[in-house]
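Chain naming follows the written order as A, B, C and D, and within any one chain the residues start at number 1.
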Amino acid sequence: MTPAIILSDALGGQLINLCAAIMLLLGFAMLAQRRILSLINLFMLQGAVLFTSTVIVAYTTHQSHLYWSAGLTLSLKVIALPYILHRLIRKLSVKWDVETILNIPTTMLVGIALVVVAFNVAQPISQLSGTIMRATIGIALACVLLSFLMMITRSKAVPQVIAFLAMENGLFFAATSATYGMPMVVELGIALDVMVGMVIFGVFFFQIRQQFDSLDIRHMERIKEE
Amino acid sequence: MNFYALIAQLIELVAALLLAPLLVGWVNQCRAWLQNRTAPPLLQTYFTLHKLFRKEVLLAHNASPLFRAAPYAIFACMALASAIVPTLSTNLILAPAADAIAFVGLFALARVFIALAGMDVGTSFGSLGSRREMLIGFLAEPALLMVFFTASLISHSTSLSSIVQTLTRTDLIIYPSLAFAGTAFTMVSLAENARVPVDNPTTHLELTMIHEAMILEYSGRHLALIEWAASLKLFAYSCLGIALFVPFGISATALPTDLLLAASCMLIKLAIGGFVLALIETLSAKMRIFRAPEFLGTAFLLAVLAMLVHLLLETGR
Amino acid sequence: MSELVLVLAIPLITSAVLALAGHRQYAANINIAGSLLTLLAAALLTVRVISDGPLNALEEQFFVDPLNVFLIALTALVGFTTSVFSRPYMRIEHDHGKLSSGRLRLYHSMFQMFMCTMLVALSTNNIGILWVAMEAATLATVLLVALYRTPESLEAAWKYFILCGVGIAQALFGTILIYFAAEQVFVHEEGAMLWTHLYAYRTELEPTILSLAFVFMIVGYGTKTGLVPLHNWLPDAHAEGPTPVSAVLSGLLLNVALYAIIRCKVLVDGALNTHFAGNLMMGFGLLTVVVPSFYLSRQRDVKRLFGFSSIEHMGLVTFAFGMGGGVASFAGLLHMTVHSLTKSAIFFAVGHAAQMAGTQVIDEIKGLIRRSPTIGWGLMLGSLAILGMPPFGVFTSEFMILTTAIKHYPWATPVLLIALGVAFASMFGKVQNMAFGEPTVKPLAHNPALLPVFLHLGLVLILGLWIPPYLSEWFRQAARMVG
Amino acid sequence: MSRLALIDWVLITALIWLALGIAGVFLAHRFTVISRVLFPLGAINSLVLGILALVGLLSETQELILPIGLPGLPFHLRLDALSSFFLFLLGATSAGISIYAAGYFRKSQSAVLGLQCLLYHAFLTSMSFVLLANDGYAFMVAWETMALSSFFLVTAEHRHPEIRRAGYLYLLIAHIGSVAILLSFGLMAGSTGDYTFDAMRQFADGAFWRTTAFLLALVGFGAKAGILPLHVWLPEAHPAAPSPVSAMMSGVMLKTAIYGLLRVGFDLLHAHTWWWGLLLLLVGLATALFGVVFSAVQTDMKRLLAYSSIENIGLITLGMGLTLIFRAFGMTGFASLALTATLYHCLNHAFFKSLLFLSTGSVLHATGERNLGKLGGLIHQMPWVAWLALIGVLASAGLPPLNGFVSEWLLLQSFLFTPEVPHGYLNMLLPVFAAAIALIAALAGFTMVKFFGVVFLGQPREEKLAQAHDASRLSRLGLLWLAAGCVLLGLMPNVIVSLLDPVMQLLIGFGRQLDARPENWLFLAPFYEERASYSPIIFFCGIVAMTLVSWLAVRRYFHSRAKRVPPWDCGFPLQTGRMQDTSEGYSQPIRRIFSPFFKRTRQHPSPFDAQPRYLSIVEDPFWYWLYLPVAWIVEQGTRVVDFLQRGRIAIYLLYSFATLITLLVLTRG
């Protein structure tokens, strides 16, 4: 191996960890966010970070197919989905601020607890991880759990969906940076699913609006056991 | 089965058929004496039977064949019963055919027939009577059976003749259990023969009558048969009581000499028994029908107690 | 391998065709034809596997072994019968004006798409593709559940979508973890996602990672299997979707999700060689048997009722696989088979019953046997079969499961039995009142296709009395693999 | 073709029934074919089976393995003395019932007749398989099929809600019972996991597991036999079913439960624990007493018979318990005597109870009434049924010289040996059971008199009864067959008893307990004649002779005419059917004496009532002691789980979230 690569390796490692930290930060920011538009922007930012981290991994490990997946991320998570979401919001003229079931500070506290759990769980994995990025799995897991929490606490359809997508981000991050990306077929498949899922969400928004003339999912509590 | 057994059997049967009404007559006479009445003639029962046999039969419109057949069946049952009881000798032909349990079954058969006959015409009194009869029956039967059980636990057998044989042979061992059994037996036989504390054979007062209520619709020869059967029943019971509790004198063989001796003892014992019955009837008062179950329940419990006493005191352990 | 390609391709093509012509009068026939072809291809495949044993295809991305071959055959069969059933059913729905022809097109095309995704999920060798196929199946069925666009159906679909989406996401994380663990083993990383390779190297995989992975897997795919407490979407989706969809949902989808869990279990057992996965599955299984049996007794919606019963049976199967061992796994596979046959048959009958009564409310469905004996008896016999009455096959598998439980886990037996007893008491009373009594239901406009019902019940009956040797041979091999 | 073994023939007869049933489905609309051809054929088949079973009693045990069933566990069949005896019972009884059924169905029912035919014959087939099965799986399949087919027969008239309720209750309790049986098999198969009965015979785990297995079997078979407190389905299901079916259920199906209990208790577990026997005695006593007291107060004739079936099952259980105790103390001779009584009572009950149920069927058929308060005087309209029913009534009242008495006699005889039991308290306690049995028998007499008297005697209580018609020819034939069975079983018990010997050998390992030597064909005598003896034939001849003699004598000497007049009745002017005792009135003393048994609601009219009405409902207290509480518990459970499903998606997400976190933490820690 040439020293340059090693150097860049170490550097790449640091960069990746930086990205990971930013991911987690953004996760918290989304959890705390009250305004829907900035929620979307944060989601876009997260996508961008994901893209950079993927590129870095691709560069440091010289895996060409990771560039592809980076491209996918860029086009899908940074450009396409935010755009669709913006249009949807304009179309559906959703109220701009987001109501949460749980109030923000509590949510944050729970989130921190979650991060602790996630790290604790991921510890053995990161220990035996031969790759340069140690903590990334833990952080990815933390992101996933945070988005999960967000899905629970948000009472509107759109934020819930954004949280869902953020969860996908976390998974992607785990897939690309913890393991050097999955086989191409899988990544394509996943991307496709996300895309279709998004479209279906879009359809649903309109339907739900039609039926309940609001996107508040608290209207959808009819089917239950008495 | 030897020749003497056959003879003894026939003698017993005939004797029972002939003497049964006499016993009833004797009881009535004693009662009359005890109640300071002038007694009817001793043979009054025979006269009544004769008169009834001669009389025309009046059948209710909707009387079924069962109604007409019942008297014969009842009579047959009673005759057979009194034939089975070892009155004179324990060496009888019919003895092995039916043991104590079958004997009780025989009485039950007769009772069922008369109860059904009572319901057949469908009058208010008939069904009332048969209900009461069955009520008394289902309490009296087990009591009687338990009396037999005590005896047969003593003698390790349920066949009447071997019971009586054992009881005659074991001279003068006092069985406390038999005392209980005897009391129970007396109570049962009072109830079974429609005697005073439970029923009154001489009344037709609607509220109290049991036996009479069932046979209200009978007349003529049918009534005669039933009355005769009733007297046979009394006779059989008395002989049974005697055979179980004061058995001495009943011969194990069937030789003519023994039979004569046995017959004479038997007559004396029957006379005494009849007097005792009359005495009881005079001294006790007719009880309400609802009290009858308690009376018989007591009898039943006494009988069971007798059995337990036997198991406690008299068995080897 | 050509058969395998056929099996996967035919539904895809049919779906494409129906996407264009699904609203036509003859669309239903195309649907049936496509399913029939799939069934034939699956039969060919089965024959091939019987003759030459397991096979790989498309550079090992797909494979067929005893474990999935009969599931493929079963899926194709139930898909075919369901398409036969849905022809008159959907026609009636259409006549009642519940569905526009556009929706009909969506239905037909999505139905085939769903079949395709199932078959892919069953036959793929790549756990990543397995995940993709499961997600795709979810998306397809979401559209199917929401077909009527009534508020209830939308709500049900939304819940289904969100809950299963989240669940599936967990499963993806598990998949990534397995892949991550595999990378530690394989120097050459291609094939690190192929189940066969993982199976070959299963003992060398890192235990801690795999245990975590299995947790994610069972939570993820368990959501789709309907394990308590992840089951909440299931009754809603069953009740609000069109009946053919309910039939394939509980008949097939649950099986496939469970199949995914079983595949992971094999790897995890290999890596840990403890009973960790088994215990986890047994725990979920018991919970999933007991809780739904209590839901049953106060149900008012008939399809919901049977949805809960499906949950219960999935719990039973999970418990069986959790116990492990030859007999239990055998019983589990058998139970998967008979349950999907019986339950889809029941849903066929229930669907027409609901159409006759014009409602799904149990108390308003009465006297089916008087009005239409075939439907009534189908419902009655099907329910008795699902309640574990001999001589139907469900009893056979329950017999094996219970006896194994008595042998190895005596403490679990009374729990199972109480649950089954309660389920019997609460379900049979309702079914009896639906089938018997003075009719309140009206006859159908088009005469129903009840061949599927009695075909399924007949198969279940045969399985109850006699299991064909080659089938039992498959089951044995599969059971040996599952361990 | 190679010669077929006996068991093959038995199997074939069983399958012929099935074939007849299926034929019935295909000929569904040919009423006459089904009723006049298929059912009689079935009856003939029953006869053949009965004969085969008799041969089986005398020949060696035979086994057979069918190529169906589980992969590891094909159907094992076995024809030994015990199963042969019960197969004989099945064949002999069902012959009468089938021929009766042939004449029973109306044209109006022909719509469902094909299905009925199938179910009826499937019922028969499954019962014979229950008796043949030699492994747990085959037994369970046959057992549940039996329950299922009989359930559909019971709910034939499913338009009426109460019949649906009855069927539901029946199947539910049957299912619970079968689960218990399954568990007991599981315990006996134990660690071997081998479910053939041969393997279970080797089951030799600790006393605890044996006892558990036995108790589970007791619960399971008790649920089918109607042993307290699992009897509640019986008085509901029997009236609901068509009469041939109730006859079959009460006469034969209950006996299959007894068979199962014998098979498990004696053959598989070869019981040696005396307190099992005591337990059986206690439940048996409770069942018998409860059954007879309740049957005495019933106002519906089929419910009355159903409760009386409970009573008889109780007696049979008593016999079994006594056998067990004797066997446990190694007194095999007495044990086999008691077992003879038990089996003989099974046979007797099969005959007289199906006879009675069929006669109620004819009454129902002719009048459409089941309520005792609306019947009466039918002996005039339907003499055949009445006189044949009288035989059944006398038999079931346990009166000599009919069959009911024989088994009672044997039972009491065997109780007389209990003082020999080498156990301090038992030998005091057991004779008291004999007293109770005597009481029960006498009460049965009361009940039967009430039944016959109210239904067939007296004046009709309704006008329409005048149009009642007698049973059809085929039905009469069926009744006749069963009545003849009652008489023959009563008159020549020795034959049957000597046939029972192989069963004794099988279950007790000791036969020849009764002095039933061919030269001593006349007398039924346990051990030796002086001990006790009973000769039904002499007895019978005695009664007949006496009757004839008295009748002839009276005819000869007093041939006075009989005149028809209005009934006298102490000179009451007018007599209406309303003035006779109703069935409530008849059973009033029982209600009074045994009042603690009942849960009753009464409402007496006040003296100033314009339209006085009297209401007295007697309910089974076990509903309130056992069943309603259980239902309540389940109800609470449903409320709890319903609380989990509140339709809120956030909550649902929270569930999975919590599950995930918990599992992760657990796995990690």
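We adopt the following convention: a residue touches a chain if its C-beta (ideal position, glycine included) is under 8 Å from a C-beta of that chain, and two chains touch if they have at least 3 such contacts.
Because the structure is a prediction, the values reported are computed rather than measured.
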Task: Could you tell me which chain's Cα centre is nearest to the average position of every protein Cα atom shown?
output: D
Message: So the centre of each chain is just the mean of its C-alpha atoms; given that, what is the distance between chain A and chain C in Å?
response: 31
Query: With chain centres defined as C-alpha means, what is the inter-centre distance between chain B and chain C in Å?
result: 79
- request: Round to the nearest whole Å and give the separation of the Cα centres of chain B and chain D.
  value: 36
- request: Determine the centre-to-centre distance between chain A and chain B, using the mean Cα coordinates as centres, and give it in whole Å.
  value: 103
Overlap residues in chain B, where contacts from two or more other chains coincide: none
Query: Which residue numbers or ranges of chain A touch two or more of the other chains?
result: 121, 124, 148, 151, 217, 220-223, 225-226
Task: Would you please write down the residue numbers of chain D that are in contact with two or more other chains?
output: 641-642, 645, 649, 653, 660, 664, 667-668
Query: All pairs of touching chains?
result: A-C, A-D, B-D, C-D
Field: Interface residues, chain D side, partner chain B - complex
entry: 376-377, 379-380, 390, 394, 397-400, 405, 408-409, 412-413, 416, 419, 427-428, 431-432, 434-435, 438-439, 441-443, 445-446, 448-450, 452-454, 457-459, 523, 525, 529-535, 538-539, 542-547, 550-551, 554, 557-558, 560-570, 572, 575, 577, 579-581, 585-586, 588-589, 592-593
Chain C residues within the chain A interface of the complex: 61, 126, 128-129, 131-132, 135-136, 139, 142-143, 146, 149-152, 154-159, 161-162, 165-166, 169-170, 172-173, 176-177, 179-180, 183-184, 189-190, 193, 206, 208-209, 212, 236, 239-240, 295, 298
- request: Can you check the complex and tell me which residues of chain A touch chain D?
  value: 101, 114, 117, 120-121, 124, 145, 148-149, 151-153, 155, 217-218, 220-226
Query: Which residues of chain A touch chain C in the complex?
result: 121, 124-125, 128-130, 137, 140-141, 144, 148, 151, 157, 160, 164, 167-168, 171, 174-175, 178-180, 182-183, 185-186, 189-190, 192-193, 196-197, 200-201, 204, 207-208, 211-212, 217, 220-223, 225-226
- line: The residues of chain D that touch chain A in their complex are 641-642, 645-650, 653-654, 657, 660-661, 664-665, 667-668
